[in-house]
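So, here come the structures, one by one.
Shared between the two complexes below is chain A, which has chain B as its partner in the first and chain C in the second.
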Partner chain A sequence: MNALAARTNTTPGTAQGPPPRRRTALVPTVTLLLGALYCLLPVAWVVIAATKSGRELFSTFTFLPGSGFADNLRDLNTYRDGVYWRWMGNSALYAGLGALLSTAVSACGGYALAVYRFRGRETVFNILLAGVLMPPVILAVPQYLLLAEADLTDSYVSVLLPLVLSPYGVYLSRIYAAAAVPADVVEAGRMDGAGEWRIFTRVALPMMVPGLVTVFLFQFVAVWNNFLLPYIMLSDDEKFPITLGLYTLLEQGANTPALYTLVITGAFLAVVPLIALFLVVQRFWSLDLLSGAVKS
Partner chain B sequence: MRNAPYGFLLPPAVLFVLFFALPIGYAVWLSFRKVRVSGLGLGSGARTEVWAGLQNYTEALTGGELLHGALRVLGYGCIVVPVMLGLALLFALMLDTEKVRLASFTRLTIFLPYAVPGVVAALLWGFLYLPDVSPFSYLLGELHLPWPDLLDGGPLYLALSNIAVWGGTGFNMIVIYTALRAVPAEVYEAAKLDGCSPLQIALRIKIPMVAPSLVLTFFFSIIATLQVFNEPTTLKPLTNSVSTTWSPLMKVYQDAFGRGDIHAAAAEAVLVALATLVLSFGFLRAANRRSRQEGAR
Partner chain C sequence: MPNTKRVRLVATSVAVALGAGALAGCGSSGGDSGTDSGPVSLTYWSWAPGMDKVVDLWNEGPGKKERITVTVKKQASGDTLVTKILTAHKAKKAPDLVQAEYQALPTLVSNDALADISKDVGDAKGRFAEGVWQQTTLGTDAVYAVPQDIGPMMFYYRADLFEKYGLEVPTTWDEFAQTARDLKKKDPDKALTTFSANDSGLFAGLAQQAGARWWTTSGDRWKVAVDDAATRKVATFWGGLVKEGAIDNQPMYTPAWNKALNTGKQIAWVSAVWAPGTLTTAAPDTQGKWAMAPLPQWSASENVTGSWGGSSTAVTTDSRHKAAAAKFAAWLNTDGTALNALAKESGIYPASTSAQLSGAFLNPPEYFANQADFYTRAAEIAKTTAPSAWGPNVNVAYTSFKDAFGAAAKNRSDFVAALNTVQEDTVADMEKQGFEVVR
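The block that comes next holds the complex of A and B.
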């Protein structure tokens, strides 16, 4: 937003040209508001539906708040000894630790591909990128079978490790490293006698931080939203992430409308943390970085 | 120093071999194998793995279920990709207009569904489709209009497409909008001096300028569409119209873990991967040829 405002302010025409019209551009604003309304609709619905008791859910108009939020919350907290919060904790662990490892690996790989000239560099890069195209299922089914050989299925590791390497993360890191780490800075480090690893950790990494935050967020969301891998790997519901937990809850609840309120309250609480994360983060981080935009 | 890049590349390379190359190779290997059962299939020696040649592939291609799934997903993709990218482009162009109000609020709001897991999105919309709890059925009821069953037949495609459009528009909008902002303002100034209207500028200048990112978003949308799994799987408990083999990936899952035939599942997974590669690269080549022709003109 800031950059947009800056651009319109510095457009030469607006300063000297005809006096700027105060009128709001109506069509674009209304179009965007309709889009925003569409995107908010299910979220608004779940916020309100979570306040309804089971009886109110089916009898009162959808967009009228109900009186059952405290009860719903208590039901959810006590459902199978609070397994819901265990799922949330698992998701936080998978997404947090997974994204951290992924960012570290992406930073190493992206830095190597951006800063060094060596034989096979483009080949390595292209092979990594081809990984983006692989349907997760062609990976997930044999990953399951291979991990089963190592007796590692149905464990935290089985959901964490396959997602650590993110081809898109390496790709983004390479772009950020190429843009943020000048070659003469690396050269100056070498002149001072610093080792390659030391240059990477002390000089290059701090310069890459804004880009790496993006890789972290991207991967955090990717793991948090992942369903297929845990669906295939896990059978012990103590290790489920929230997506899989809610799915099983819905599966059981489909024939028991009494469980609907549980599913709805659970969905509401699952949506809140990520939306809050993005609302906080976007204050100091630009969405544009997500598509590889590099500020000049 | 000479070995340093290889050192840095070691962690990603090891992970690539373990979690990408090895599983792909293993899947291809499994797809050419089958289990032969001798006698009643009891005892330890009764089930042996043997070479199957292309048998798994011919069975997958002639069995019908995989192809039907592919056709369903094709129909679904024909709705999702144009609508999602059309909306993403429209919103990006609108954001890039002068004097637009509330731009940062709407931009963030349209992007928000990206942070909502596909399973949760399907669950939320699933409830909005259910006549018992949906606000729309309530409104239609007040108007004495019938409620269409959104979870059956043709409307099911629309219902599923809507979930994907809702979740994916924001991300694509950001990608296109970023490309739009990279266009130097002078380009528009010149067009404005020549008397172009904002609509003409959008159609004649902005859209051609962001064509590369449109190609890229199209490319990734095709891949994502062919691999649809989470949303139909989540809607399955709410309706009988979504079978366990609704999409190709659901068929792979069903064969691997429902029927326990990993060899058939592996062959199908390889076929899905090949179809994805052929379709997406075919599209990229067509897009490249087109842009080269236009450059020559």
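The block that comes next holds the complex of A and C.
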């Protein structure tokens, strides 16, 4: 990071001279390549293992593609009348709607904390910070007991509701709003007679989009991979998200073999929407802090 | 607050220990008088594949007549399910029926999650071997579950490779050790089997065969004997084999282990009656080359085995229709049609003695097509199952086992020291939970 910043700082000064020679920094490049390898190897394993039939799975060379992908897909499709796709749909609902709601709440909360000064603002923010440090896992059981009081367990709402308030999302939104929405712009809006809500939705929100996209993606991935909360909340496997569904395929009791090929193929297919989402949403990221409204 | 919890736990543990009517009392007070008036709808948490199809038989048959409808909600098996049941029970929202492994029953009972159904299961007791039934009563007059499947332990070996290396099927553990050494001498690349520190249930079964009784009660206090003489004997035996390198020390149920079985690097497996299912996926290339024999014995005159796995159907205290739920549990695990369907759809080995030789068990499993009398022998072995003694924190002991024995197996170090650790951890946890433990 530092090296990068230093270089961009010096570039304008040397604009007249010959372009600086691009030196490939060997150590960082190798480190990054190793890191990429470390991250991509398991993905490659899943992709290749998904093509193997049950017979090939543990007997052929690990990175040798198998011949069973079509069969695996068909088995997964027909397993209990295609319940896999139901799980996939549930996951999309939990992750999509959950991330959307949570982004909306984060945007409102983060904006309010960044722009308005009110009594107890820092207290609220500090409590949120504490919430960021609290792993959501340990909240699952108390949340279950709370929702049980309201008779909401084993429903879609029981999984969505605890996700709506994301301390990390609010935190990120506040930081982002503080940086991207200049007080001058808000003030200018007020001068022109716009209401607070109008300023927020028409002026501030567009400026916050790149930050909110980040919040949305983080939340989407977190919910998509979430396990314990739905595990505790749901008992009806028609409402299970994909993580839980695949887990039931693995743990079928000692006397039934784990359905490895189905689980691996299922895990592979479950990664595809995430990759697609990142590719689609990525472009909103390219907007950066430079696209602000106030020139300094 | 900590004090009240302690008192409650002590109270329930005492009730379990004494087999007092205390739990029975609160179990049947849940208002099951309404079973005859109006239709009843029950939910059932089970992990067995195809259980919904078996339950359909009930819903269209006897259940329709009695107006009791059961809905299966498929769950994942294991210790996490026990936690889930207990969490749901805390909110008074546990399902009417749950599938529970035998070793989980004391945990569930000491948390007051399971109802006493002794009055509602009729003559079910006579359908099961005594040692199996005793696990559902916890040695009291109450009945907390109906046995569903069992996992009597057996010895599986590659018949073709035993012949190739001139090995005899061991009938005692001494012979077993000798067989392991002989094989190493003939082919250092191969191993008879492995000691898996990941599978606490396997070790518990082996200890059970040797006569261990890990949890017992004396008066109103628990006695924990994970390190008793019988278990020490088992630990010393396996620790010795691992230390001298006669067998492997890598865990089971890993891709590497699958490969070792599939390629004949490991040529035997101490397992239970459900092994054919596991071998089908773990070692598909060796189908028809395996054979099954009784577990080796500690002395030639004995004939006992342990058990690994197996589960039961229990009714929770949260159920508002306990009698109806118990009726279903009894039907599911004693009725011929139901057991046949369970065998076919879920691949279970029934606890009910009469079902062990009927229907689906007339022919050997496909993987063992070469051993025509597979299930006849299995039923004989099942009869020799030693009684087991489970306590209220088996999960803690199992976790401690994995850690302590995992390290010991990896370093090929002292297994008895690891066993002491498990004992200490188990006792410490029980005391922390508020149980009175004899030191």
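Annotations
Keep this in mind: the second predicted complex is superposed on the first by the 241 of 296 C-alpha atoms of A that agree within 3 Å, B and C clash if a C-alpha of one lies under 4 Å from a C-alpha of the other, contacts with A are read in each partner's own complex, and residues count from 1 in each chain.
Quick note on the criterion: a residue touches a chain if its C-beta (ideal position, glycine included) is under 8 Å from a C-beta of that chain, and two chains touch if they have at least 3 such contacts.
None of these values were measured; they are calculated from a predicted model.
Once chain A of one complex is fitted onto chain A of the other, the partner contacts of A:Leu277 are limited to chain B, with no touch recorded for chain C.
In the overlay built on the shared chain, the residue A:Ala148 is in contact with chain C alone; chain B does not reach it.
Of the two partner chains, chain B is the only one touched by A:Ala112; chain C is not.
Put simply, more of the residues of chain A are touched by B, taking chain B and chain C as the two choices. Residue contacts after overlaying the shared chain place A:Asn126 against neither chain B nor chain C. Within the superposed three-chain model, A:Ser235 lies in touch with chain C and out of touch with chain B [touch as defined at top]. When the two structures are aligned on the shared chain, A:Tyr247 is found in touch with chain B and with chain C. In the overlay built on the shared chain, the residue A:Arg55 is in contact with chain C alone; chain B does not reach it. When the two complexes are laid over each other on chain A, chain A has residues 57-58, 141, 144-145, 231-232, 244, 247, 250-251, 253-254, 257, 260 in contact with both chain B and chain C. The residues of chain A lying in touch with chain C in their complex are 54-55, 57-59, 141, 144-145, 148-149, 153, 231-232, 235-237, 244, 247-248, 250-258, 260. By the touch criterion stated above, chain C contacts chain A in their complex at residues 43, 45, 47-49, 73-78, 80, 84, 87-88, 90-93, 95, 149, 151, 201, 255, 258-259, 262-263, 272-274, 277-278, 280-282, 284-285, 308-309, 311, 346-349.
Across the interface of their complex, chain A is touched by residues 1-2, 4-9, 11-13, 15-16, 18-20, 22-24, 26-27, 30, 87, 90-91, 93-95, 97-121, 123-128, 132-135, 138, 166, 169-171, 174-175, 177-179, 181-182, 185, 189, 192, 213, 223, 226-227, 229-230, 233-234, 237-238, 249, 252-253, 256-257, 262, 265-266, 269-270, 272-273, 276-277, 280 of chain B. Within the complex, the chain A residues that touch chain B are 1, 3-4, 7-8, 10-13, 21, 23-25, 27-29, 31-33, 35-36, 38-43, 45-46, 49, 57-58, 61-63, 104-106, 108-109, 111-113, 115-116, 118, 121, 124, 127-128, 131, 133-139, 141-146, 161-162, 164-165, 170, 190, 196-197, 200, 221, 224-228, 231-232, 242-244, 246-247, 250-251, 253-254, 257, 260, 263-264, 267, 270-271, 274-275, 277-279, 282, 287-288, 290-291, 293.
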